[in-house]
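Across the two complexes that follow, chain A remains constant while its partner is chain B and subsequently chain C.
So, the complex of A and B:
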């Protein structure tokens, strides 16, 4: 998983994407529960759930009128797809167990997402990719 | 909120300037206004519902406000906003883009200390510390904040003008097989792989290797 590639892709479109999210008072990933409070035992599971969340619910709803931005989004999406496949292999070998806390936390993330209309929720989630990347890098 | 009718032009270019996570809000005065403009500042944690006023930056006439304390938790992201007042009228609130202290700060070069023998030089590098509100507060090295922090080191032979580059993860480097009695100049830069952050190069530290015994 090339975090550097994903990070570079996101940095290139961050201002554009975040400017499409006018809602400052809600977060999908960081409130009310912060990813940084996830116990290490739950990290693999939460990461796999979040990759699935981004692949299944976010990227497909993030088309813009800007072809440069769209290209960056699809390259990030491809990186997520391959990363999810690798994490899926971990889950098959039972190395990525989901505890109660991670299940609860992921439910909250889905609730935050479903609290908005699809396009707003997807664009907000994409704009929060650095929250996910910051957490993954710190946890590494 | 009982505010006046706001017809004053807005403050411009409201943005954070951050070095080693000392996070200072800056802006430019509204177009066409000279002296006599005053400002109010507020900030918000992204994802949390309320704006928080900054009392120390209420009715100020300077165009900056230090929000380092308020934005010191780098696991959060922030917005800040500024409003201008002049002769009984005011501007709209003008917001920053979303500020992420972890990725949006600039990093100072490392401190470099050099010693030498006749045929080698030893280099010790120290990463800068994260901003802290008081000297008594515990120091946090940016090495702790950025686990992927590395150093790029340049070593120049002043006589031959030959230059070497090294990229190291730990903070010490010994450069062997050098010429005795020769001046070498060392400069170093911090490179964080992800998030992608680079400091400038430090100023050069020159040292002469001892003469042959």
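So, the complex of A and C:
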């Protein structure tokens, strides 16, 4: 259910956020390979890693001058926290193993992120949230 | 007048939450001959733990004269929130008054749904008051005297009138309902039972 709330929050600010991303030729989540190539066994792990990535690295660098956008980002960030908590329960029950492929994939995402200055990277990552949400919904 | 007034922080602040509608209330700050305004901010777990304890202005209560603020839009995730309010008069600002404990939307109180049971000829119908997108309804209905054969219908969206069953002539049927909120995985208590009788003669 958090995903529905995250999707609603993101849809409300998607155009605003994506308009702040000048670098259209690069992708944080999809370069060089799309998330859709991740094996199902690795899906839980990479989802947890990505949620941690957004919570630890992305949201805090996305503050804007627009209070409506800031509130929606807060809503998304807090929903990520509660969703990650549920995913954490899977990790505790050991059915969220990190395979080689997802580890490699996540390294690539971090490299893409660190290849840009932090504000651009954070805004781009936030703007790509629909890629993550689409992949998660398709995978469900 | 406002420039040099020492404004006290609002007192008696508390959160009232019923059926996933959340309000912050406080006592007014009285300054003779002046209109005191208030601003409310919120802080989720993310802001506390990952964003340096930052606060965010609420969507509805910046420089309001009311002493009640609807924070439903702002309490939008299943984490713990804190709220704060201060008084403002001209350039003067009072200290912030912050809610004592933490509030999560799971703490909301859930009341039974309002419903109206109708017999339309042989049809058993129920009309439920809409309570917003967070709510589902669990409706139980049975023929009076056959309490062991209760049937159930779960309604995710409330259209005006819902058809429950086709009744036997002259028989009496009873209905009760409760709400369920998936976001917090809680249900209300049941509404009082309402019974109606189908038209016609039961002996036929």
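Methods note: the second predicted complex is superposed on the first by the 139 of 140 C-alpha atoms of A that agree within 3 Å, B and C clash if a C-alpha of one lies under 4 Å from a C-alpha of the other, contacts with A are read in each partner's own complex, and residues count from 1 in each chain.
Keep in mind that, in the parts below, contacts are C-beta pairs under 8 Å (C-beta built on N, C-alpha and C of every residue); 3 or more make two chains touch, one makes a residue touch a chain.
As the structure is a prediction and not an experimental result, all values here were calculated from the model.
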| item | value |
| --- | --- |
| Clash or fit, chain B versus chain C on superposed chain A | fit |
| Chain B versus chain C as contact partner of A:40, first or second or both or neither | neither |
| Partner chain(s) touched by A:3 [first = chain B, second = chain C, both, neither] | first |
| Which of chain B and chain C A:93 touches, first, second, both or neither | neither |
| For chain A as apex, the angle formed with chain B and chain C - C-alpha centres, to the nearest 10 degrees | 80 |
| First, second, both or neither for A:117, with chain B first and chain C second | neither |
| Touching partner for A:55 - first (chain B), second (chain C), both, neither | second |
| CA minimum distance (chain B, chain C), superposed complexes, angstrom | 7 |
| Overlapping contact positions on chain A, where the chain C interface meets the chain B interface | none |
| Partner chain A, residues of chain C touching it in the complex | 42, 44-47, 49-51, 56-59, 73-74, 76-79, 182-183 |
| Residue numbers on chain A that touch chain C, as the complex places them | 1-2, 5, 9, 55-56, 59-60, 67-68, 70-71, 74-75, 77-82 |
| Residue numbers on chain A that touch chain B, as the complex places them | 3-4, 7-8, 11, 15, 18-19, 24-27, 30-31, 34, 36, 127, 130-131, 133-134, 137-138, 140 |
| Residues of chain B defined as touching chain A within the complex | 44, 46-50, 75-77, 79, 97-98, 100, 102-103, 147-148, 193-196 |
